[in-house]
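Inspection log for the structure reproduced underneath, given as structure tokens.
Letters A, B, C and D name the chains as they come in the text, with residue numbers starting at 1 for each one.
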Amino acid sequence: MACTTEDVVAALRRCAEVISEHRDELVELDREIGDADHGENLNRGFAAVVSAVDSTMPETPGAALKLAATTLISKVGGAAGPLYGTAFLRAATTVGDAAELDAPMVAKVLRAAMDGVVARGKAEQGDKTMVDALHPAVLAAESATEVPVGELLKAAATAASEGAAATVPLVARKGRASYLGERSAGHLDPGARSTELLLGAFAGGQR
Amino acid sequence: MKKIINDPATVVAEALHGLAVAHPERLRVTTDPAVIVRTDAPVAGKVAVISGGGSGHEPLHGGFVGSGMLDAACPGAVFTSPTPDQVQAAVTATDAGAGALLLVKNYTGDVLNFETAAELAEATGTPVRSVLIDDDVAVADSTFTAGRRGVGGTLLLEKIVGAAAERGTDLDGCARLAASVVAGVRSMGVALTAPTVPHVGEPSFTLGADEMEIGIGIHGEPGRARVPLEDADRLVARLVDAIVSDLPFVAGDRVILFTNSMGGTPLLELYLAHGIAERLLAERGIEVARRLVGPYVTSLEMQGMSLTLLRADDQLLDLWDAPVCTPALRWGM
Amino acid sequence: MKKIINDPATVVAEALHGLAVAHPERLRVTTDPAVIVRTDAPVAGKVAVISGGGSGHEPLHGGFVGSGMLDAACPGAVFTSPTPDQVQAAVTATDAGAGALLLVKNYTGDVLNFETAAELAEATGTPVRSVLIDDDVAVADSTFTAGRRGVGGTLLLEKIVGAAAERGTDLDGCARLAASVVAGVRSMGVALTAPTVPHVGEPSFTLGADEMEIGIGIHGEPGRARVPLEDADRLVARLVDAIVSDLPFVAGDRVILFTNSMGGTPLLELYLAHGIAERLLAERGIEVARRLVGPYVTSLEMQGMSLTLLRADDQLLDLWDAPVCTPALRWGM
Amino acid sequence: MACTTEDVVAALRRCAEVISEHRDELVELDREIGDADHGENLNRGFAAVVSAVDSTMPETPGAALKLAATTLISKVGGAAGPLYGTAFLRAATTVGDAAELDAPMVAKVLRAAMDGVVARGKAEQGDKTMVDALHPAVLAAESATEVPVGELLKAAATAASEGAAATVPLVARKGRASYLGERSAGHLDPGARSTELLLGAFAGGQR
């Protein structure tokens, strides 16, 4: 059970749905320790991704991921735009023109996406950013390359979920929340939460 | 939420339309991607000076597009940095062969989006330089933060670099000048109330009736400390102390003093605060050579103010005095 | 009450001090009685153009003192008309032998105080003429009211008459010109929130979270009607309809359109509203020949806006375009 | 029992006291149907009157009234400044350089004061202004010229009080309250109330 172009496009649509459902929650999280735009920005971006795949019909998983990347970069803005944009771009590059993605490839894709985020944003684990959700997800995926892609994605999503929850007590050292210093502790990081939601959407949209 | 708008999703686009029809002789606005460009761009032989950032800080940046200041501005969504294609489009619209200087406020989002745009523009052959402005002394500049924010000093940077570019200074010269302005400018602000972002619909933060937030950012990001409301003398002294001791500014320094309203603070209070700031600086032997007072770098309807000090030699003062003709800042022409 | 002040009793005096130190090259301020005077007054041979009113409407009037506009302004207490000695002192400081023209907003207090001052000045031999401005269409102009209020049109009046005086027009000519401006200018405003006067400490009126006050005065006086909040398209249409049908302005008219923030409404919203106003006027065949957008005739931190339309022939447009150099309005020099 | 310079000065001091005590009430009345400055303006003005009599020591009742007039004109502003200023100025003119004022003179003074207000402000009775308190006071004084000045002033003050109360149902036709139209009904006119207070202060400061 590998991952086809249709699967990727369907996952992108689920991303848009999940983000739209959680728009207000992400805005509220960002209002607490940031500037209250994370949900709005991602929602605008993923709505545009849906329009883009509707009108372009990508022919490979890589093309779909690349379309998502360029759309997010040009529609989201803020910190999350270039970060998620880079993640999808690196993912697309890693995939190349493969017609289907198997589990080891998906694990590689996730690692590349995370490396892209780190290369752009220079955040380390524990800085209270989306990296704190991405990193455990990548590790979980890398130890699940023997199972079907769906299982791997579920494992990654679960790990992301735990990683996101673990950002609550942290003091932010990157992004806008870092201005708060100690006052940033006690809040869930909006970017970690959106990463959790997006990986959940890729895993099946159950959350 | 009480606002004169139709739909939160179209506020920026509709405001840009209004800006365009209000100033047809000075600027034009393109949509998708949204860019505000001076009408006579590209200006032959001139370095293009470009800035941008989230909307909601008006007149920054679009109000400073015009002769002697910015060639183009890229307005993002409210409080959200613009995207790389906006910046790229701005470069394309203003590139006259002498390259483009991007003046970027130091926020993660702005830095990343402008960085991406610079890479893309360089790839098309336009020489691009970026300068980060991070004048907000409220934020500790350490590895534990995203670094200091760019706030009120941005206006002084845009004016001075814009004047140099207008006079024909080349890209390297403009970038060096920008770096020297950044090195000598410091700001700090205070908020009495919170702004309400249209797409959020409720205030960005909650301040008690007797509280103020010292060291506020221009997106309503919290600052250094939340303290009980105090009188203007004490409040302005706080800002002056923090700014002066940071650079530090010392007796004998000549400065440009910029007393800025965050939007909701009326001129009556702003001039009152300005008078106090001038007195406190005089007491320290710091000479205010030029001043600007008004709501220029705002945070929607937020009540509050900021002070910005720039150490200025004759060259900077001369560039400050140079003619400028933009919607929000105009003299000498 | 959240304000950057020391003591409600000294707000105006302290703000005037700040204004003076902020603009030493353009104006000087005398205290007791409080008057703001352009530095080069009296200007030989020139009619002195003087206005004034309660404080809290800044930049009106003090921000419009300078070459090409006002010779002096008399700031009263917050929202309180100035006293006759202020006006007299203004006349004395600016009288160059060509007489003085007093531009007076039509409020009982302003009318009575300026009237008294005019009598006193005439007694000392200075020819004085007064012109009342009453451009607010929200108020019925009948014997059942104190008559229409002077609001946003005041700025246009001061600019145009100031330009004529600067060019050497004599007192009669200036008074005639002023009367013609008054005859052709109409305004109306709306408030979303109430201002808080420092010496009162609480909002001047109470508006529900979903209400707005149509036809608001610039002192927070109630207007025509309190109605549910509506979107910008509808709200601006209300103002345009009321103004256009009043004069009336008709297809083919050329106008100056002034879109004014009452203080607390940010530029983002104001430009949005301006764009709508331009569209609605275009639909009626009214040509917007010049425009001004910004917080110029304010009511402290009140959120809201007003529109002002002035029917303008070539002469008025030429006077509007004439150089002006004041703290708040500057072009051509 | 006629009215001496000391009596007039003492009455002016009582005016300042009463206005200071009722400053907030007058502000609040003016906030309801005006611009919330009436109490503040009168308080500033009468405080200045006290300073002026302290430093100048007027030698006749007329001089005291004139000093009050010029001080009010130069310190109060708004509608009330010139109106009360004119009232005191006309009163001073009427008094001339008399050393003491008897009851018929006080009645004449009150009528002159009212005529001055009407000449400046053009308000008629029923327009919901200070005239509505002044007018009954003048009539009461004019029918009390046989009694001691103190009694006359009490009668005038009582009538002013009734006149002020009668402004509540009226629709304003002069001053700032007139912008309210029908909405001005149901509120006490601040100027009528201050007239009531001032006449009360002249009558003995009991109210």
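Definition applied: a contact is a pair of C-beta atoms (placed from the backbone, for glycine too) under 8 Å apart; a residue touches a chain by one contact, two chains touch by 3 or more.
Nothing here was measured: the structure is a model prediction, and the numbers come from that model.
Path length between subunit B and subunit D in the chain contact graph, taken as the least number of steps between touching chains: 2. Chain centres here are Cα averages; for subunit A and subunit B they lie 32 Å apart. Distance between chain centres (mean CA atoms), subunit B to subunit C: 29 Å. Here the CA centre of subunit A is 54 Å from the CA centre of subunit C. If you average the CA atoms of subunit A and of subunit D, the two centres end up 75 Å from each other.
Across the assembly, subunit B contributes 78 as residues in contact with two or more other chains. Counting partner chains per residue, subunit A shows two or more touched chains at no residue at all. Interchain contacts (touch definition given at top) occur between A-B, B-C, C-D. On the subunit B side of its complex with subunit C, the touching residues are 2-7, 11-12, 14-22, 55-56, 58-59, 63, 78, 192-193, 209, 212, 229, 231-233, 235-236, 259, 263-276, 278, 291, 293, 295, 298, 300-301, 303, 305, 327, 330-333. Residues of subunit A that touch subunit B in their complex: 27, 31, 34-37, 40-41, 44, 73-83, 85, 120-121, 171, 173-176, 178-181, 183.
Within the complex formed with subunit A, the subunit B residues making contact are 33, 54, 76-85, 107-109, 112-113, 115-116, 138-140, 143-146, 149, 197, 199-200, 204-205, 217, 219-223.
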